[in-house]
């Protein structure tokens, strides 16, 4: 069955979430009968704008957009829809204009989940929620990391005994994160926990901990996005929590709703089960929005197949929503 | 050929580059219509003096009087504005541009359209063709980039462009070094013509014949200081050579009372 | 060889990049599905606008014997300033006043001024202070982008005022107005470079600064102007980018520098200074975006696009390099 | 002025960047809490390693009159290759063999070879094909990073084999082994540049390639070697990065190019070619990372880091520029 | 001074640059121990010929025979290896390096430690100091960068370094253009000395005195072709000048049977 072509606009391939999203989307969409062509914007807004322009002209069934920047693509979403090409938003939510479907975990929510876990970890260690946390951002110019920071600090604001030191790793570069950790360990030897905004940054952080003579667990480590390297670090004991972004579910949802979106049918608000996750579809100003809960990965559940970091994409055929 | 007040007067000009003293207090004058040959050994400081006169760099100390007023030229632009034209020893051409662009560098012929100065290539080309013809220099095409020209062709462009801009003082630093026989002859003629028009000329050369043929006065610089300042009629090439090299033929003084040396000997020596 | 034949060959070699552009477009049209349609060509045209405008300034600075690595960040700053002032959501403050036609004019002037200031600063450090243009503009590349992040807090501005945004929506003969703006810029600056003293001096200074200085040309002023022109044009590019994006984001324009340089070099400008013509640069930009568009349509595995793009660009530059050899061989 | 005094001033000016380093360290130590401690200095030392090693090669290419913008990506490629072969998780294939001491040696050789190949290719396009080094290495900067993405699929490798990783853990006199490696590299190449014919030729070629060609020096071979040396050293930097990171990520090393260039220029190497000494470059790297570390400790709002870094680097380069004026004034 | 087979023999050498024909078929020989002056107007093609002999660029057509064998020099390195030393008209110095480095460019004195060639600066400096003394050129310090030297000082470095490398043929393109009187005298002497040692010499100059003083034979090039090839004893400066400029004094032919022209007139003319 060949229902036509769908474009997937991936913002970059420099991190594992994005890489895996390409294979997941291509495979799930294939299961429901669409051929996916992926265009990589290499983190460049204007490149992605050009790609949108070009894609629209080929008249695809739909465009899946994971925007380089949350908002810069808004005019192109409008343009595509005016040209009759529906747009589905993936992973990076866009609220400034209307689209046909949104499938996200929510960045602020990731910050919330992280905050909850970090509060738990601090309490377990220090008896109450207090201590020193080093937060390593991806890049100060990237709203993705800024939203996590926002969500995280929102919930941590209730605990004045927690001191948060925030440093940017510039361009999500791992060795920059390593340097920050190395320097901060000397300046603040009493750091209880390090929260890095992506698993690949955790790799360098751990290397710095190791060089500083730390053992797994001496300084706790929390990371977000649930990449395979993060899960490995949990298994090795270096990392305590990884905040999972439900990559597979996010991708599967796209496939589930693809027919309806492509045919311009109305989407029903309500609860849907996506790869076993209870997800809520609401109709927002920016169109139908499906929020899939992220989860905290801990040593207890790290091996569960549902986490994309284990790279076991679900086999079962995706059932389109009726 | 000279009148009362000198056109250019240098007083105790010194110049040092770090530890190196290139000029150790030079006094010198040039009058209107006078041709002064500036002579001296390699490294004596001639080109340094030229660059100071031309405004390329400032003296470490000393005064420069031009047309009776003390002047300080912060850049060649200012010196040019005052009427000093200079041909440098190390050529000053843009090899990436063609002959015409180089010839007119900084003084292009333009016509204004809506206030915008638009280059008049055709007119400029005519002028250059004429100048090169007069100089006896053949150039394959005036639209060829200077990087493709021979050494003498390049020098001809520089030597001849100055004539077109008039000025009051012309400073030529070894302008014939790369020129052919005929081109040199015409160049020397041109200097005399220019001087006859009331312009002061300083010309540097290592060839005594050239100096004696064209100059009214010869100034010799040795190790950064003036070793002699002589009227042409009152000296001889071998005396001048002695001054240049600091030789022991000590009767060649700064007072200019040249002796009557044997012309044959003189010729022998100056041919080198 | 007959003079006529020689002249033809000279002409073809001088315009090799246009020839390449035509060949490349023909090949892509024949081999890539969906490539041959008016909309695609209009797209290429439009996408070339931003880097095109930037590349004009870059080319001028390079012909004058310097380098400006900051144009990309300068454009981003000007876009962000435009966005913050005249967009209504995000970090936009939504300033608006009437009559409406004043909005584009004022915003444009502000954008140009922002670019001009950065260009002025670059000029200051290079000319007055005497630092190397490479390092000065590399530093600007960093700190100006840093400034964008600092003023925006890393956030974006959306919903540019419609009276400004309109410029991004109109078209003439089916080709977007934006594209015509870059054509106009190229026409103006090509004239300036080829026919006016300013253009002449840029070339001469790029060839031998000392010589122009000695010739009484105020070479420092010429160089400084070149930086300011580059800044102003980057400012214009930023303004256009903001219009296209209907606002601005902190990372807008990232990577354009590479394209601008590639276009300039493909267009036949020598990075050693003193050599180059603007029409060639425009052809270079168009060529580059023809390639970009082709890659988008080719259905390549996403992991390899970057490599392939790098390779194709190298190939395009390569062809320009062979021009010299061809010239030697053929003439 | 007495010759002795002149000599002293000459000496101080020649080593101005070391002086600056001392002053900067003193100021930071006095003003930034926690800065003044042995561990911080050891950190600066260690963090300088990667860019330091890279900067040696970059400086050599620049002194030879060219430019290599690809060193950062080359290091990333070499790190990724090391990671993929010898790390056990992620995309790491976990190759291992005994005796264990062979592992670091073999992995090092592979890393150097990877770098050498990229350097060779750069050299090929610049020297054999005759393209501008700027554009060739800019393209390499792009396509080599693309290659990293392509071979790793954008994923990371971690858990480098312990027998290799050990190099990142050991220290001598409390200073990490990694730091000593860069010191050693600087010592070796400073000697080569100052005392051997190869170094002499690099300088001469950078001053006037035509002259060396006419003098019968195989200037092309010298240039080519400079690219290969730069590649090999970038390969080494990548290997060291992989060790420090205990693996590799697809974007490892992003941004190092700026630091390497800044260090080279602060260290007194002229981007025009022909001028520069390696010890100064090392001082430049140390200065740069003293600043980085200061920023890491200073408690600045994250948004401003980039601007401040750009500004501080500009200031450091500025000081070096004033050297010339000082020399003119003082001597 | 010459023996049987010539050291260098050029046959129908042509060179064109695009539309420009710089050399239109040059035949010429140089024997061992012979000094040949290569004369010609600006743009005649002398330097182009020099560069072809030196391996700097290939001829468009024609043969080059060196020591009786047909040779093709793909680079100056190869020409040097064959024993051809060249001093170019446009200087070939690295101004960013000091005098010693320039003097020894490409032939540094080294000592191997562990197989690594280490520069012997002190030894090299001694050699240079000696050479400069002999040439009569004063240079403030041998450790100063060449960019800070005067035109003549620079030329002296190039002219004198070739002597130290021996070779079989020496080609000098206007080597005295920037030299002072004394330095030129010594340079001419040196050429004779070198030739006396059996080395062939080609020297280009625009100064007839220099040519007649040093050369055994004079070859005149006009517009890319040989206009005359004369023994020194059998011609006179004014004949040569006629050949150079293509003047109408047509008794100066290529056959070398010079007439007896008036020496005074001759002197007058050649002084320019």
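Letters are used for the chains, namely A, B, C, D and E, taken in the order the chains are written, and counting of residues starts over at 1 for each.
Keep in mind that, in the parts below, contacts are C-beta pairs under 8 Å (C-beta built on N, C-alpha and C of every residue); 3 or more make two chains touch, one makes a residue touch a chain.
Chain-to-protein mapping (UniProt): B, E = D-xylose transport system ATP-binding protein; C, D = Monosaccharide ABC transporter membrane protein, CUT2 family.
In this text, all values refer to a predicted model and were calculated from it rather than measured experimentally.
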Shortest path length from chain A to chain C (each step joins two touching chains)
1
Name the chain pair with more contacting C-beta pairs, choosing from B-C and A-D.
A-D
Compute the distance, rounded to whole Å, between the mean C-alpha positions of chain B and chain C.
45
When the C-alpha atoms of chain A and chain D are each averaged to a single point, how far apart are the two points in Å?
34
Calculate how many whole Å lie between the centre of chain B and the centre of chain E, each centre taken as the average of the chain's C-alpha atoms.
27
Distance from the CA centroid of chain C to that of chain E, rounded to the nearest Å?
50
Using the touch rule from the top of the page, what residues of chain B touch 2 or more other chains?
none
What are the residues of chain A that contact at least two other chains?
13, 19, 140-141
Two or more other chains are touched by the chain D residues 149, 153-154, 303, 305-306
Footprint of chain A on chain D - complex, ascending:
33-34, 37, 39-40, 43, 46-47, 50, 89-90, 149, 153-156, 158-159, 168-169, 176, 241, 244-247, 249-255, 292-293, 296-297, 299, 302-303, 305-306
Chain B to chain E touching residues, read off their complex:
17, 20, 40-43, 46-47, 89-90, 137-141, 144, 148-153, 155-156, 174, 177-185, 188, 206-210, 213, 241, 244-245, 267, 270-272
Chain D contacts chain E in the complex at 195-197, 200, 203-204, 206-208, 210-218, 273-275
Chain D partner contacts - residues on chain A that touch it in the complex
13-16, 18-19, 137, 140-141, 165-168, 170-176, 178-180, 182-184, 186-188, 200, 203-204, 206-207, 210-211, 227-229, 232-233, 236
Touching residues on chain D, where the partner in the complex is chain C
125, 129-132, 134-136, 138-147, 149-150, 153-154, 258, 261-262, 265, 270-272, 303-311, 313-314, 317-318, 321, 324-325
